[in-house]
Structure formats: structure tokens, C-alpha cells
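Heads up, there are several structures right after this.
Across the two complexes that follow, chain A remains constant while its partner is chain B and subsequently chain C.
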Partner chain A sequence: MTHGLDSKWTRRRFLAASSGGAAMLAAPSYLRAQAAPIKVGILQPLTGALAFDGQQGLMGSEAAIKVINDAGGIKSLGGAKLEMAQGDARSTPDGGNAEVERLNSDGVVAIVGGFASPICLAATQAASRYDLPYIVDVGVTDAIVQRGLKNTFRFAPGFGVVSRTALDNLVKLNDAAGKPAKTVVLVHEDGLFGSGLAKLLQAELPNRGFDILDTIAHPTPARDMSNVALQIKAKNPDLLIPSSYYGEFVLLARTMQQQRIKPKGIYSILNGAASNFRFLKEFPEAAQYVMDCNHWWDPRKEAAQALRKEVEAQGKFFTYNTALNYSCVLLLADALERAASTDRAKITEALASSTFAGHIMPYGPTRFGDGQNQGAAPVNLQVQGNDIKVIFPDAFADAKPVFPVPA
Partner chain B sequence: MSAPRAFAPILMILALGAALPFVTSSNIILNGMVTTLIVALAGYGWNLLGGYGGQFSFGHAAFFGTGAYACALLQQRCGVNAWVAFASAITIGGGVGFIIGYLSFRSGLRGSYFALVTLAFAEVFRIVVNASSFFNGAAGVLLELDARPGNFQFASRAAYYEVALGLVGVALLSTRALERSRLGAYLVAVRENENAAKALGVDTLKTKLQAISLSAAFTAAAGAFYVQYFLFINPELGFGASISIEALLAPIIGGLGTAFGPLVGAVALHELGELTQWLLGSLPGADMALFGVFLVLIIAFARGGILGLLSRLGRGVHGMAGEVMP
Partner chain C sequence: MLAPDILLAAVLNGLMTGAVYALVAVGLTLVYGVLHIINFAHGAILSAAMFAAYFASLAGVDPYIALIGLAPLFFAAGYAAQRLIISPASHGDDQNVLLVTLGLSIVIENVLLTAFHSDTRSIDVPYGFASVDLGFAFLPLPRVVAFAVACVVSAALWIGLHHTDTGKAIRAVAKERYGATLVGIDVAHVYAVTFGIGAACLAIAACLLLPSYYVNPRVGEAYVLVAFTVVVFGGMGSVPGALIGGLMIGVIESLTGLFFGESLGQLGIFVLFIVMLLLRPTGLFGARA
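Then we have the complex of A and B:
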């Protein structure tokens, strides 16, 4: 088929056809102009000591942005797509602070992330200078939401809620099994979360009928945990409560396995390894039946399972902060949708009045009080076979607890 | 060098620096400059002792952390006004410097032994602060956010910048004054040959103690300013190894034992960091590797730091390069 400029193509017809064509070409760009992409700041520690966690969080945010854009973007803003502006906090508060400045000048509408408490403290404070809405993904220190910063929202539970839930569920677990555990040894890393938790447990456990035989602190990083394991062996407690980061807990669990130290249960709180698929894959025997009280996704939600499949298909591990960041970005998208504006004050207002249920965490609809999501709570998990199962609360559980563990 | 010739370049640079907020209102630049000036100030402390006195410390974090914690705790626990707390923190930092100096120099520790003992002090401080509930343990100290100048908290980054520049200005002028003073001459004598200096009648212990106290006070000022800027300090941030390294890297890169060295070094390090991030920012971590390569090149090829290189190239700015260590 050839269309030469033969005699049928008069000047008038040519003009009519070309102007029509021009209009057609112009139409999409006109639409694009109306729905300019919305920049969302994603701040994570992508380098430095916390790089692994930062990458895990980033993966969740990326997945959420893709889901939102594939579903047609922010509809109340003419289908505007979200565009990620990535910030690397370099695992330090000043790194986070500098990146907030950069993201702000890049014109982001809000920032999601932070991961570590010191980074979150510095970043939320910097963002508050510009009334820039900030959604904290993990940062468990309760001070983050107790400073009266109007721009700061934390989606996940803080330290107070996590430790209280962990203690309540421990008592429930023990009572249901006929109180097999009476004596406890605490092992904790000597940093912010380990020593804080140990102090709290030392005060609370005796009130709840447990006898603390010993409290053992260790530094992070620690290259050898055999001394700690030997101390545990000597005390022979019914229950071991470790609060350590990934490397140290893996070392301890492996050493205990080698030394055949088998308490009736290992019950950790906010542990870096106990609810980590990497640990399970690399050391399945040492990980067996370890319990943890931690952030987790809702295993009954389809979107959670889909995300897990997607992450695992890339050969990566699905961790709680992937799920948390995924949910936080969805929460922000919901606020943008309702605010129908990229105005910071309106987004902040929309976040404060948020009742968002489309996330993949086991929390129910969001309800913020002083910046803290009031419904946020941790769950109890246990390694069973090749999977990590939710054992508490019953509403979200996909397995029954195995306690005391079979000898 | 006459007094005007010695001090004029410093005052000129400070005046130029003070004009920066009138040229740009970009908070990215101002924030970058504030963090650079904090490093420079800590570097001035290190330079007094390490650059002029030849006493290399690997543990200036001990003073940085002391300044930061003293400033934060005085406000939080005792309700002291922030400015008073800031001044007290500098004094306390100087005092801690004197004590550490007395313990190490009295025992005749020199060279690598002195370096090791300062490293040990910083680490002991970190562990004690981490474990003790008096210092709020690993949770650190968080100051209440209340941006009023009376509180040493400013709503604008420009104000923080001007204060930081003022502190660096004081450090610069003091360093230049030290160069011209008897103490400065004694210090250089100690650096070049301690035994010879002693034989000539220099009280080397007293000289070194004065130097370490001053040095600690400047680094403590950097720590106290840090806490006023970020309103948060924890054991790792205050006493961790990274601040010790930054404090010694700035003067070494800039020009050891020169008045402008720490400032030039801190600015160069910052700009180098920015440049590598700009070049390779989309690849997390790659910029840090490139940064490391640049650093190795500077240290390998620019003996005497950047100022040393400049003066060797025959372009040494009068009064800027000063005396550069071989």
C-alpha cells in the first residue's frame, strides 16, 4: 500500500489531516502534563553497617510504587504516577539529615523510611523544618513520636508496645503449656535495644512468675559466643531470652546446637535472626522451634503472599522491613488519594486522619494518635520445619506453638 | 611575619565565608557546610596537638564525646541554659584533655604508645557511657526541640552556619596566635626533638599538657555544637572511631601543622564526598570506594597535604601555607 502525494492530496486535505494528527500526538502529552509524576522520598541506609536492612526496605518501597503505578497512579490527581527519589542515609544520623535536605529540594511530597532509630530521630527533625510529611518505617525508639513533631508518623509499633506484647504472650504461651518454664537466662547485646529490653525484663519477669538465673551482656559485633553458651549450659535454664542482632544470635544458636544445650524454649524479642529466612535457610537445625516477637506481615493477606513470592523469585529474602516499607508507601498513596493534592499540609492532615486497611501488616485499619499508629502490634513467630509461622495472636496465626520443644 | 600580615588572610576568609548565606539560600549547601565546619573544628583540636606538637592521637573522639555529652546532660539533667552548657562543655572537655594528658605524658608515653593509649581512652569512654544509666546508656541523650536562639537552637540553617563559622574562626585565630607565641615555638621544638627541647630548658611536660588541654577544648566545642545541631547523641556517635578518624584526616589532608590545614582538609573531604556521590551516586557504595581511591592518591602524592602541595607547586598563597611539616 503506497500513499504518494498524488492528485487526491489537496493542500486543504493535507492541512486537515496533519492538524488532526498533530492534535492526536499532542493529546497524550497534554494528559501527561496534567498528571505530572509525584516525587516520593525513600530514605534508607543503603551503605554502611545497616546496608542489608536498607536494601531490604528499599525493595519494599520499589514494589509498592510499581503496584500503585500499574494500577493507574493517584486517581484523584489525574492518574499521576509516583516517582521514587532515593536517599542513602549511610547508616548515620548526619547522613539522614543531609539526604532529607536534598530530597526536600528535589521537591518530594513526603519521605518514607529511616530504619534505625538515630537516623529516624535526625531525619524527622530535619523534615519538620519544612513541614514535610515523614512516615517512619521501623525506628522502634518511642522518642521518635513523643517529640510533638506534627509531620512525623510511625506505622509500626514502638518499643513499649512490642515489649509489653512479648511479655503478655510469653505468659500466655507458658500457661497454655502447663507452666513448664520457671527459670530464665537473659542474653542481650549491650546497645540501645538489647540493654533497654534486658532492664525491662529484669523488672517485669519476676512479677510474672519467672526466676531470672542470669543476665549476660555481649558486645556487637562479637566474634565468639562460646563463653555465653557455656554460661547458659552451667545455669541450665528452662527458657532462654536472647536480644541480639543477626550475627551474634546465629553464632549463639549454632554454638548451643554444637554443645547440645537444649532449653525448653528460646523466646527472643525483636531478634535480628530468629525470624529471618536467611538464618532458617543457612542453619535449619539451629533455627528449629526458635520463637520471636517481632514485626511481621499478615500471612493471610494475598498481597503479602504475592510480594513474598516476587521477592523470593529474585533470589532474595523476604524480611519484615520489606513488608513494612511496602505498606508505608501504600499508606502514603492512600493519603495522597484522599488529599487530592500534593500540598504538604493537606497530606499531613490526610495521614493524621488515615483509616487505611489496604496494607499487608496484621494491624487493622490505621489510626494515628500523636503520630503513632495505635493499632500497630508485633506478632509471635516460631520456626517450624522450613517456614516461619505466626503463633500469636490467634486472629493472625497460621500455626500452633510448639512448646516446650521436643528434646 | 607582622601581625597584620599574619591575621589579615584569616579575617578576609572569615568575612568571605560569613557572606555565604547572602549568596545562596540553599539549605543543602548550608547543611553541608555546617557538617564540614564541625569536622574542621574537631580537626583544629587535633592539629594543635598532632600537627604542631607531633603527638598523634587516635582517640580525639574522647573529647568530642565529652563535649557533646556534657552539653546535653547539663541541659537535660540540671536545666542549665544551652549557651552556659556549651561553654561548660568546652571547659570540661579541656579538663578531660588535661587529665588524659597528665596520665599519659607523665608516664613518658610517646609516638605510637601515646596514640594507642588515646585510642584506649576513647574506647573506655564509649563502653562506660554505653553501660552506665547515668549517661542514659546506649539509648543516648535526646534534647528537646525548641528552636529559640536563647536555647542555642535556630530555625534557620544559616544561623547555625554563622555560629559554626564563628567557632572555626576562633580556632583559626587561636592557631595563628599560637604559631606566633612562645608556646607554639616550644611545641614545634617538642615535635622536632623532644630530648633536645628538654636539654634547651623547655618544660616539655607543661608544654604538652597545655597543648592537649587546648586541643581537647576545641574538639569538645565541636562535639557540643554537634549536639546542639542534631539534638541527639549516643555512645557510638560521640565516642566511636569514625569521629577520631575524621578529626585527624582533615588536618592531614589539608596540611599538618598549618593554620588553614584543618579547614582546607575538611572542605576538600566534603567536596570530594559530594563529587564522588555526584559521579556514582546511583550505585550505593561505589562512591565510597572512589572516595577511598582519591584519598590514597592525595596521601601518596600530596605530602604535607593540599597546602603543602600548593606551596611546592610554587603557588603557595602568602600566609596560608605557613610552615608545613616535611
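Then we have the complex of A and C:
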């Protein structure tokens, strides 16, 4: 074999081919009229267990970069275009860490993304060693913004804000309907996320006039939710509050339908399935009227609707992390515009003083306090017909809540 | 306090989950009994079979009908995998076979991950939410079907092993490899047939699971760990052992889950598993090696 290669690839041929390649690589620089492109690090878990979410986030960043470049790039920097430097966190904190190192040596001006809390914790810390501005897209763990890292900015709301809003809105929802729900059963996955939330709810719900009949933990993955369904059936609560990942919640909702268990409402918090179009598409009946308190886009903004159409035209599902990453890249572009520099300290400063309002989220103008966007808040959603509607707060709602669920 | 009807419903649920465990375990126990190896690729093959059933269903073929085509297809794939990959790569050493199947599982899982991503998918069949009303409990139809088919397949396998020439050859090789060679049995062929049957059982299990479960590239793992327990519990290499072991494990898991919480459902299985190993290491139906 090596002989074959030698005879085929003479030195002359190799030189000819490689110089041709080099010329092709160099060509764009002749075509570029203005400023050199600005490299933006986009870090997502593109492979591994979180690959689906990572791809959804990447889609949002790509769309935002295209919008910015089509509109003439960063004007204060001579119309410089944004160039995506993609990083794959491989669904692990280690992977995120390694990719931050690589993106840093590639010369990115900032990094956007992370998705999962553990990845965000590791990646922001790695970036802080280089004073590299980092915009967290999702990562709900509040520890992300509580370590005093100057480079770290979280655009979306954290766990504390989400759970508080969820409880407040639950009371509002129940009061508005004439308090039909008094008894509650909590179902949660037994990991950090589900157990933490269940503990918080156990402490808070009795103060707000709800009686917790039972708290049922289940493992992830669970092969069968029949026993959970049986216990719910035996307790017959007015309201079910699940906090599980996608697969288990779908399994539970289907089992409940099979067992003909119909509480007055299913109210979930940061649930993987209740605000996922795939669940709605695959099991419209089981998904009907399920409520969730979660990240979401502002359905009244034209740019949000346009992005949703664009995503759905590709046969993909539009998810909140697509909208969040889209908004985060726009936020960074706004900071670059105002900093009029690619200097990391200046970008960090511009982010810290941001009042950016051109995003597609149901938040007011951006205002960072200790790295957390103070205006960020979750919304309440409900599956109604073939769509997922915003039911709270009223300012962003595009539908009225259906509660209690018609029998 | 738990009402008796809930208890009864939990037992029935356990039996139906257990039937699927049994079907997954039957393939594992056969391969162990004959080839004397633990097939680490079992879970990955189950995931692959579930994806096959999923795409058949997307193409408009009901999983129960796809079963008729997928079982022979997976038999052929299993046969080929043993003859063309596992056997040549192991060079006659059992330890190598172990590693080859482990490698195979990593390859299959990652191919699935690359091709279909880690997205969790499920199908909606018209009978997906149908249930049999027993008065005190609703039994979901897909799980009743799974229970019945799993019992029929186990029975058919047992009859096949005892009353057909191939079955007798399989048992002969399981008992005494060199003796079987001496009387003219093609051992390599029997190995491959056994591996094929194991894969076909998984294809059947996949088609039965899909109407009430979901699929992603790691879905098989959730079943295979339990199947290993079932195999030891019922007796290594025993088909009736796998069936009864599977059903028992299903019921035990269901009841422990009900009494001690779902997170501890697995606990009952493994406590029993350790007790079994202490008192009767050959399992319920196992013979002493």
C-alpha cells in the first residue's frame, strides 16, 4: 500500500495540490473588504446524553449570528461580521472545561451557552481564568452566579426565581378559579433537581394553603410508572405536581391516562416534557391541559414568531433554549456594539451595564446584578389544543388558563 | 394504608413487567448456557431493536406486525455477528468473547447516538391507551399482550430445545462441547444459532415494549441489568428459570416499590439476589456445573 501511495503522491503533485489548497484558503481575505471577523465561542453539549438540547441551543445561536451579519455586522467595529467558533461540551463538565481552553486559544471574544448546570459551573470558572466574558444560556443552579465571577452573566432566571414564581402563580391560578385545589401529590425524580424541588415545595405549599397528601420519588430511568399511578389513584389529589425528566413524565402521563386518573390539574415546574412540542405531537391527549412553569419566549414578539416558523420549516421543534441562545447572542452583539472594542475587559464592562431590550424573551430590559439578569423570569404555560400557550403573567399571556381541567 | 385492590393491581403490574424481563433474560440465559459467555452487547441490541421497531412504526407498520419481520431479521444479524465478528475475534478464548461483546455494545450504542441523537422518542398506537377493565384494576392492553407473547415465546423455546434436532444439538453443545463435536454437531453453527435466537428474543421484546415505553440509544441498559439478575436467579442457562425468575423479579420489584418507594424498588431485587446466591447459588432451575 505505501508503495502505491508514494507513486501516486510525488513531491511535485503534493506541492501543486497543497499550494492550490492554500490559495483557496487565502481567497476569502481578498474578498473581505472591511474589518476582520469577530470570533464568538458557542459552547453546547452537541454529543452525549444532552445532545438534543445542545443542538437546539446551537440552532438559536446560528440564527442570531446570521441576523446580525445580514444586518451589517458590528457597526462600531467597521461592520465586522461575527464568526462562530463551535465547542462541544460532550455533555460533561470536563468536556466543557476542555472546550473553553480551546476556544480561548482560538481567540474568541466571549462564550455563549453551556445548557446544563454542571457544564455551566465548570465552563464559567475555566473562562474566568482568562477574564473571558461568558453568557450562560440556561443553567438554573443559582451557584453559577453566586461565586463572584466577574466574567459570568446569566441571562435566564435561576432556580430560586423560577420556584418562587411557580408557587406565586399557582396560588393566583387557584384563587382565580375559586380555590378548587386543596390537596396535592408531589411526584419527583430522586436526583438533585427533583429532590431539591420537592423539599422546597414540601416547606412552602402548606404555608400557601395546600395540603400535601403524599410525596412520591422515582428513579431515572424508570421502567414503569404503574405503581406511582396507583398511589396517585389511591390518594386522589386535586392537583399533581411532577418534577421529572422527559421520559419519565411522558411515561407517567400515559400511565395516568391508561388508568383513567384525572386530577383537577397537573402543574409542573421546570419539567422536561410539559413544555416540549414533541410530547404534544406524540401524545396530544395525555398532554392536554398540562401546565408548566418554565423558560419560554415572548409569543407576542414578531422576531420570536419568525424564528419559530424558520425552525419549524426545517422540521425541527422550537424549544426555549433555541430562543434563549438566540437572545444571548444578540445580547453579546449589543455589548460589542457599545464597547466598540474586542477587548475582553471592555466587553465585560459593556455586558455589566447592559440595558438590552431587543431579545425575544418575556423579560423587560436586561439589567445585570452580580451577573444575574434581574429582569429574567419564567412564565406559566399550558398545553391547549395543538399548541403550548402562555397563561401567566398576563403581560405576556396569549391564552387564558383552563383550570380546573374539564372532566 | 394500602387497600387490597392496590396490592393486587401492583402484583399484576409486576407480573406484566416481569414477563418482559423474562423475554430479555431468555436470550441472555441461552447464550450463557451454550456459549458460556456473558453477552455484554445484549442491552445495545435491545436498543437497536427498539429503534428498528420505532422506524417500522413510523413507516406505518404496527409494532406487533413488525415483530414478524424483525425477529427473523435480528436472528440473521445475531447469527452473522457471532460467525463473522465475535467468534473470529475471540480466537477461542472466552475472556476475549467478553471483551468483544463489550466492544460491540459500545459501537452499537454510539452508532445509534450518532444516527438518532439522544432524543427520547415514543410512538402513539391506536390501542396504546386501551385497557382491560377487571373491575378493581385497569390493565393496559399493550402490557397484557406483552405478557401473553412473552409466555408463548418462552414455552415455544422450551419445546424447541427439547423436541427438535437443532434444540437437541444446542443442549448437547451446552452440556459438552467436545462430545458434541465428536458426534458430528457443527459447534460453530450451533453457537451462531444460539446467538441468533438471543437477538430474535430481543427483537420480540422490543416490539412488545414499544407501544407502552419509549426509545433512546441507552434504553436497553435499563432492562439488561435486571435481566442479568433474572438469569442468575432462575439458573444460568435455564429457559423456564428465566421465565419464572423474570415474573418473580417483576412482582418483587413492584411490591418493594409500592411499600418502600419507587427509588428503592431495585433494592428488593438485589437483596433477594444476594440471598439466592448465598442459599442456592445455582439458581431456581440451575444444575450444578
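Just a few scattered comments:
The criterion applied here is as follows: the second predicted complex is superposed on the first by the 373 of 407 C-alpha atoms of A that agree within 3 Å, B and C clash if a C-alpha of one lies under 4 Å from a C-alpha of the other, contacts with A are read in each partner's own complex, and residues count from 1 in each chain.
Just so we're on the same page, a residue touches a chain if its C-beta (ideal position, glycine included) is under 8 Å from a C-beta of that chain, and two chains touch if they have at least 3 such contacts.
Model, not experiment: these values are computed from the prediction.
With the C-alpha superposition on chain A as described, chain C and chain B fit side by side in the combined arrangement. After overlaying the two complexes on the shared chain, residue contacts for A:Q257 are found with chain C alone; chain B is out of touch.
Looking at the shared chain after the overlay, A:D398 reaches neither chain B nor chain C. After overlaying the two complexes on the shared chain, residue contacts for A:D190 are found with chain B and with chain C alike. Of the two partner chains placed by the overlay, only chain C lies in contact with A:N227; chain B stays clear of it. Look at A:T47: by the touch rule set out above, it reaches both chain B and chain C. Touch criterion met: A:R102 reaches chain B, while chain C stays clear of it.
In the superposition on chain A, no contact is made by A:D211 with either chain B or chain C.
Using the contact criterion defined above for the overlaid structures, shared-chain residue A:D94 touches chain B, although it does not reach chain C. Closest CA pair between chain B and chain C after superposition: 5 Å apart. Within chain A, the residues touched by chain B in the first complex and by chain C in the second are 47, 51, 55, 190, 217.
Note for the complex: chain B touches chain A at residues 26-28, 31-32, 35, 130-131, 137-140, 142, 144-145, 155, 230-232, 234, 237, 242, 281, 284-285, 288. Per the touch definition, chain A reaches chain C in the complex via residues 47-52, 55, 190, 216-219, 221-224, 226-228, 230-231, 233-234, 246-247, 250-251, 254-255, 257-260, 278, 282-283, 285-286. Residues 2-3, 6, 9-10, 13, 17, 113, 117-124, 128-129, 131, 138, 140, 212-214, 216, 218-219, 222-223, 226, 254, 257-258, 261-263, 265-266 of chain C are the ones touching chain A in the complex.
Residues 46-47, 51, 55, 88, 92-94, 97-98, 101-102, 104-105, 118, 121-122, 125, 128-129, 141, 143, 147-149, 190-196, 217 of chain A touch chain B in their complex.
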